[in-house]
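Chain naming follows the written order as A, B and C, and within any one chain the residues start at number 1.
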């Protein structure tokens, strides 16, 4: 499937920004499930691309610096990616981070009693892959999609307690469950094309990947009851949402910032 | 019995031959005069030491003992080989675990200990710094228990401090007792800053052109080791910078100067990983430089030591260092480790809990003599209190036998008496591995005490290595 | 040189000079209250002093009454008052500590001793004149150490620039005290009391002897003002301070060359030119207070240009 991605963000600042640094993790991952046809990142006149490298997790990191004064900083991403359905398996992805690293817990992914109980429900008899699917179903049924009930700062434990959330919360909860069952798990950010039923989605999307011995990393999108397929474009991963954030930055001066975001993922002809 | 470094029974050992007369002939009032002079000199140059969590005088001095600690050339050579061997193995380990992790694959070290270690830095994986060196300044804490018995207590691969004391102790001794140095042939240590600078320059990133610009990055003048940071910067002739003095633009790091931005090639950082780059680590950190890690990873700047170097000096990893020496160098370790019980192992846990009164128990990530129990020196009540701490989180602790630390003659109120000592030499790793002949000797000034940490009432001594 | 280092050296100079100013202002106040005065006491004088030092609001927030005792505490020892002698010496020493390696051990010693001795005394222990001497002595030791031992490099220039700008500012403020003190008593002008007050001002600026050498015994407003504003030989005169600041800025501009901006130099040059073309009658016609207020603002502008030119590191 050929997907055209348009992701335009404009940061509006109260006061002019004198100087800024942004680290972007916003390029499609390199693996058999996706091939980049075209990918452009642009940060307007004030932005200048700096250091770039592929990190140990296989993500392309690109540093940008901003020279102001500017009150508006755009981050414009336009690209076309050719995708293939690999049933969620991250085949052919070059990375060096040992899966054990993804057993580390972070603030957002610290288990509590409820998460432990939930993680303990599936039988020990299951294969690792089946267990992962089972945990993903548990997330689907216990944390249904509800927008507006959680925030960027909501932890996995809180999301479960609230009993709802968005993709970030689903990913966090699933990661905790997997780790509790001794499976390394990580947070993945990317894009999602509207599914076959044409249901609207958050086009900027996130899901979890679980490391399964013998198979490697496998993606699970709990809320959509599926593993990532040709509708998904993967851009980066981390220990949690914060660690996997597509954009991290600081600005000098600027004051309050206001965000305008426009994301679209469309199918285009070959 | 403790090994006395000066006396073999009644007989004065070779190393201390000339010092023994010096001490014997020193009148008490002269000694007091000199002691006061030494203190005045230290205060004047501003070497002070803030003690964490104790309040009190922020300008407190570490007590200086005028009686030097002496090694013969022969003793030193063996130590030197052992230290360099260890430093080499530690760097090989770091290169390995941030690469393919062969030592883990070979089953020599449990994966969990390495990859789930809080000092392990995911952001460094897959990156090989210039010359493959991750830890450039390694402080190795040693204790002696016999003539040829040295044990490594711990390795410090992040930002070991104390080298300023090594240099100042010598400086002050030479100023106060020039005759002593005329009569003894003592290896100089004052080449350290120059060697350190050369070491740092030798690991400049590949994008660096011309002579590398080195800076020392300090958390600021409120830090307890600030004196050392500024002392080293001064002796090395490099700038002492804080996070706010640096900024990232494009592919490089620059420092703010009165003449505009100047590119920086090598950063000798004296702050913790968490404070290096708010974009990568702690976002609330005001100390770091946003974007620094990205520039580092793309070869625009060198950071010494590398973020994540701490995974090699963890007290849990410590038990595996002899294994590293064998695995990477194919050699037998020259320096011994102290037997260590790791409390997350069932058998070890039981043994330790049954024998708390005889053991030293430490926190895995503790330092500075905090959060530790010295069994034989503790009351029943203290032991029981510590037991509760261990029960709460066993995997946070390791235990070691109480070592019979050697003693050195030390000036005390009543004259000269033996006090327990340890030693921290500083090993520099760049294009080569170097060690100045000496180190920081810390001495437990309280009679019978085995805790030499300056934060716990320890003092320091000048450390001599005699030439042949 | 690191921008932060330069900035700390600059502020070291400013704070040392400011410490001296605070003690001088206090001495002026203490002396004026020795004069025969009105029934309501010396409230006005002290209040004028507070206004001149720009600290009236802070004082009002922390002290109930305006008494000499409180004033001493506030102007000399109060660490919550950033302009008190104790605060300034502390801040100067702190700047010194941060840039320890840019200072000679003589300078550091002098700073350290000043700080330690200041810490050792408290309110009510010394009389005003002794305290002013005490501060002046330490300030002189520090200055002497700077002049005698520091390399004449950019760091030296920033320190001296700090001193010069602060001195320009402080002389203007001390002079302005006279305006505040006198304002409600126009009838005193030319009287013996008036002349005595001017003498106090001179004394507070350690300038009474040099004034008499230069002008004889006639202590009139226009002569003192001329001496303290336009006489290029008077060490604390505005014109002298501005010329000194300018010379350090010129030195920096020469040293750094054309790539480094020099807006501070340009601005200082313009101010120096303006002062050189003035005579004292013009100043009095304009109004002394107005002139001084404008001058203080202009010095602030130059300091902010120094900031922009050198302390941002343009990053």
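Here is the rule we go by: contacts are C-beta pairs under 8 Å (C-beta built on N, C-alpha and C of every residue); 3 or more make two chains touch, one makes a residue touch a chain.
It should be emphasised that the depicted structure is a prediction, and the values quoted were computed from it without experimental measurement.
Chains that touch both chain A and chain B are absent from this assembly.
The chain closest to the protein's centre is B, with centres computed as averages of CA atoms. Note: the chain lying farthest from chain C is A, by mean C-alpha position. Centroids built from CA atoms put chain B at 41 Å from chain A. Note on chain placement: the centre of chain A and the centre of chain C lie 59 Å apart, centres being C-alpha means. Inter-chain spacing, taken between the CA centroids of chain B and chain C, is 48 Å.
For chain A, the set of residues touching two or more other chains reads 19.
The multi-chain contact residues of chain C, meaning those touching 2 or more other chains, are 315. Counting partners per residue, chain B has 247, 249 as the residues that reach two or more other chains.
The part of chain B that touches chain C in the complex is made up of residues 44-46, 221, 230, 233-234, 239-242, 244-245, 247, 249, 254-261.
Only residues 98-101, 104, 111-112, 114-116, 118, 120, 122-127, 247-251, 278-280, 283, 290-291, 294-295, 297-300 of chain B touch chain A when the two sit together in their complex. Within the complex formed with chain B, the chain A residues making contact are 19, 21, 23, 48-57, 61, 63, 65, 95-98, 100-101, 103-104, 239, 242, 248-250.
Only residues 1-6, 94, 97-98, 100-101, 105, 108-109, 112, 154, 158, 252, 256, 259-260, 310-315 of chain C touch chain B when the two sit together in their complex.
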